[in-house]
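Take a look at the structures below.
There are two complexes below, and they share chain A, which is joined by chain B in the first and by chain C in the second.
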Partner chain A sequence: MLQTRSSDHAPMIAPGHRVFGIKIGSAAVVVIVLALLPLYASEYAVSVGILIFLYMSLGQMWNLLAGYSGLVSLGQQIFVGIGGYTLAMVTQAYQLSIALSFFIAAGISVVFAFIVSFPIFKMSGVYFTVGTWIVSEAMLVFFRNWEFVKYDAGYNITVAYRISMPALYLGSLAVGVGSVVLVFLILRSKLGLALMAIRDNEGAAETRGVRLYRTKLACFLISSVYTAITGVVLYLNITYVKPGAAFGIDWTVCMVFIAVIGGLGTIEGPIIGAVIYVILRQYLYNFPGISMIILGVVAVAIIMLAPAGIMGVLRNKFGFTFFSVGRQLPAGFGSIRKKAAGRRGRPS
Partner chain B sequence: MDAPVLSIEDLASAFGSNRVLTSVGFELRERETLGVIGPNGAGKTVMLNIITGILSPDRGRIVFLGRDISRKSVVDRARMGFGRTFQIPRSFENMTAYENSLVGAVFGAGRTEKSAGTGVCEILDLIGLGGKKLDPAGKLGLLDRKRLEIGVALASNPRVLLLDEVAGGLTESEITEIMGIVRRVKDSGVSVIWIEHVMQTMLHGTDRVMLLNEGRNVICGLPEEVMSSGEVEDAYLGSGIHARTERRG
Partner chain C sequence: MELFVQSVISGVLLGGLYAAIGVGLSLVFGIMGLTNIAHGSLMILASFFVMILSQGIMGSVIPALLATLVIMAIIGAVMQGALINRVLDKGAEPALLVTFGFAIIIQNVLQLIFGADYKSIKNPLASVNVIDTKWAIVSGEYLVNFLVSVAVLLALHFLIRRTKLGRSIRAAASNVIAAELMGVNTKRTYIYAMCIALITGSVGGMLVGRTFGFYSYSGMSYLIIAFGVVVIGGMGSILGTLLGGVILGVSQLLGAYFFGPGVQVLVGYLTLLVILTLRPRGLLSNMTRK
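Right after this comes the complex of A and B.
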């Protein structure tokens, strides 16, 4: 791993700080280059960029659930739908600002996620998965029969027409980068230590004193809120919300694709997965009849060749990670780190 | 004699009609290593699972430092001071040895990551994993994994350490090393319950030995006394033969 190398030169300073700085710096450069994309790239490239960042966020949030806390949900479209409908109601029905819809969407989804957690957290494994799906189907039926949201007719989100493509792009970039930063900070925290332990061995984590319910609930709430926020931006791009599409399982299917192809339980995975998914899907518009089949074949092929996903292969075979959430040894033990690193002798 | 750290009263447990524990009761004293032996199926691991709260008993009480903890959850007991190892090591494979122990220190002992770091490193040095702190647990060999099991349990700052066959599958010299670690742990003020099949560890590594057979504790006393009592032979050979002939007849 990269950080271990720097300790050769600065054994007494907390090792890895320099490499950490370099990584932050290069990540900042990448973000700036991406932010300036509308200045030099075609409108088509910008529109693809919007999708990549938003799907990256969706994948990141699904991965936080499935990859870390073992909660395989097929109902995350609930929160995409809440985001979309909140935007529609706030801006169309009440003529209020777009900014306000972010807060209201976050508020509604945290309350909703908390309430549904009582029944669905009583189920585990496959039952949890089916439970989340049923809740989302129920939402779909409910919205179709709810006068307040104009039944199945849906809403045109006209305020979105006034948003320029570069502005929408920057918003999507912020959401995408924000999702990565959020997951990174979570994993570096105490909650993250618990999540990584749960990811590796739930039973052992419990015997070591990790409170499973509380940890998973925290994860579920965070993931749901951020998915709803992403949903708001998604619907600024789509500009038309309807129950069937907003609460459709397609959303979660693509989250699963992105997280599994990229690598479950890694931060880099959903980034790679989102890039592959969005570009592949753009390309597959040329093959309208068989696009889903091709997508399915790609998914099966990657799962068979690399069950741990693309990032899983990079990490296990080559020891590569960019977002290192590994804990560093306290200062006085730095020299041992050097020895250990030498013995491991992994290519960087 | 001080009040016992842990007292187990009349534990019974059955899976359906299969009665695993019929009646187990004993006391664990301050700074004591209690060895537990018994043939396969005697209920040793089940007993450990009940003490740590993974299974709940059909009958009986568990009293820890004067408090009845029979209804406390696994997590609560871990946080109260129960550290255990598993027969088949259950490490967090993608996390380093250091991070594994950090989980014990942060969630078992309730410390912050920052304040726990030095202590965790010292524990890893103590158990002989000092040079492998940053190795992923999944890449460690069997001996190192068993060491790490002890290390993670110790990091949670336990009052009672429960060892489930930590010496199984190890070589003679590795066993001696594990015995040394257990002795140092005990000397630091931890009471230990140690299940093991390796007689050497029970004879030389414990203060008392308890024989468990057919779901009850048959005899408990000084290691040499128990080993030479004839009950052990009966449990491992005799009763087995009886049972077999009974079933045939």
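Right after this comes the complex of A and C.
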């Protein structure tokens, strides 16, 4: 389903440890500066920051699915909805703590994702895409007819009123930065190698011993759980949960927008995408009615002009990456390869 | 028992309409491997055109429909020729996302112009029953929907199987390079295919507009129905579309009969998921394309 990216940009030789250290250091400085934002920035900037970090996390998780394991899902709103409703039920119906709802949301979503994976993973390509969407629409109808969650009426999440803006901001920052770190660590792990192999050529990866089903399932579970956790924080910000909005396709629309604009299959992509998406959307609030039209036009224009997204262009044209997930090859490997290539290349 | 028979009959008739909604999506996927997310929104766009034209200058539904078909064919040609054809070589996602963008643009343009109110196309048949016995009532409206839809499917089947254009479409669908070598302009064939798909979708939109009413955001819910139909039947199979429509229609109405109208849609979705689990490529799929 995904196009093969033959010129994979993750360079074969990873930058040396010194460069890596500088990058880690500068990333840490950026995070600290961002964490202190409520001290020096306006309340409006902080509220925009909350959205950027939360949407970054959503985009990052969708990208993990679509960009790396080829699972183009239109059903990730299920997990945003599960997060939101878990928060509402735990804090409103049972009067328990917010912290508990994170664990329950994670638990429910991992179980749900695991059960759903049995039918869903039988489908491939576009059938998977359609299947996930149908599951999420089924969830929407189910919640509208479920007495336990008060049908279509929804819940006001009153505990969220007591959370201060800076606290919510720090929570969102943690979720957003956490999503980037999580994806980075996954890609540096064995799972990540398998994922990138699948992204580039599924058939070849399988022949080389990558277990497709297990790798994709792991990816699906991780993405679902983290999306649900993000959903909890999102609904601490929204403070009102209703089936139509919680399980709406709009969530996935923005995940797709963020990942595609930024660049599918890159770590930096969803970061850039989320910043553009949230700022553009905030700006477009000034033009009610046509804001979504402009967003649609921008999306179509970017796909037409740069199908690989902003990061894809930067990387292909200038070889720029920040989060390098490439690996150091063992010493001497290059010369072996050169020799092998020389033998093969000799005219017979 | 009477109600059961009634549910099955209405389900079959409704299924015919569903098939007309879905067949364009199936055609486009079968031929160019494109999942047209904008299919539902384009269909509702056609409903709006029929509504305006039939109220205004045209005066009645049939000339309004004909004018709409021409407009939609032009829209399809421009969309395919100017945009989708250009990204089609770059893998499945870019093209899919372009149509996704279209869906959002169309919905919001309609919202801007017409607001969020439900509209409908005037329908003289709304309360006429063709058959009215103890066992079953067949409303004229549902019967017309079914007959028109079956006529559309048959016409399409004839077009694909019996005409020169149909042959080039089939050639482009089965092997692009071989078709090009044999002198088929595949990109132009795609444009024709998109026009045909939108024409069938517009007929579906007109029928939906007369029977159920619609508003600017209805496209997405009809897209799901179209997907359901096509996915049950198998992408790219015209006969399968009819079968898929009937299965979805009957299961929805039987769901309403057994469990109440609230879960009607849910039963439809669950049927779909069960069929997809058992036959992940649909019931009658003859497509090898992934």
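Here is the rule we go by: the second predicted complex is superposed on the first by the 315 of 348 C-alpha atoms of A that agree within 3 Å, B and C clash if a C-alpha of one lies under 4 Å from a C-alpha of the other, contacts with A are read in each partner's own complex, and residues count from 1 in each chain.
Keep this in mind: a contact is a pair of C-beta atoms (placed from the backbone, for glycine too) under 8 Å apart; a residue touches a chain by one contact, two chains touch by 3 or more.
Owing to the predicted nature of the structure, the values given are computational and were not obtained by experimental measurement.
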item: Which superposed partner A:Ala205 touches (first chain B, second chain C, both, neither); value: first
item: Partner chain(s) touched by A:Phe103 [first = chain B, second = chain C, both, neither]; value: neither
item: Which superposed partner A:Phe287 touches (first chain B, second chain C, both, neither); value: neither
item: Touching partner for A:Ala194 - first (chain B), second (chain C), both, neither; value: first
item: Greater residue coverage of chain A in the superposed arrangement, chain B or chain C; value: C
item: First, second, both or neither for A:Phe114, with chain B first and chain C second; value: neither
item: Chain B versus chain C as contact partner of A:Ile249, first or second or both or neither; value: second
item: Shared chain A surface residues [contacts with chain B and with chain C]; value: none
item: Sites on chain A touched by chain C in the complex; value: 1-3, 66, 72, 118-119, 122-127, 129-131, 133-135, 137-138, 141-142, 144-145, 249, 253, 256, 260, 264, 289-290, 292-293, 295-297, 299-300, 303-304, 307
item: Partner chain A, residues of chain B touching it in the complex; value: 52, 54, 74-75, 78-79, 84, 86, 90-96, 98-99, 102-104, 106-110, 112-113, 117-118, 121, 130-135, 152, 156
item: Residues of chain C that touch chain A when the two form their complex; value: 29, 35, 83, 86-87, 90-94, 96-98, 100-102, 104-105, 107-109, 111-112, 220, 224, 227-228, 231, 235, 262-263, 265-266, 269-270, 272-274, 276-277, 280-282, 290
item: Of chain A, residues touching chain B in the complex; value: 4, 190, 193-194, 196-197, 199-201, 203-212, 265, 326-327, 329-330, 332-333, 336-337, 339-341, 343-344
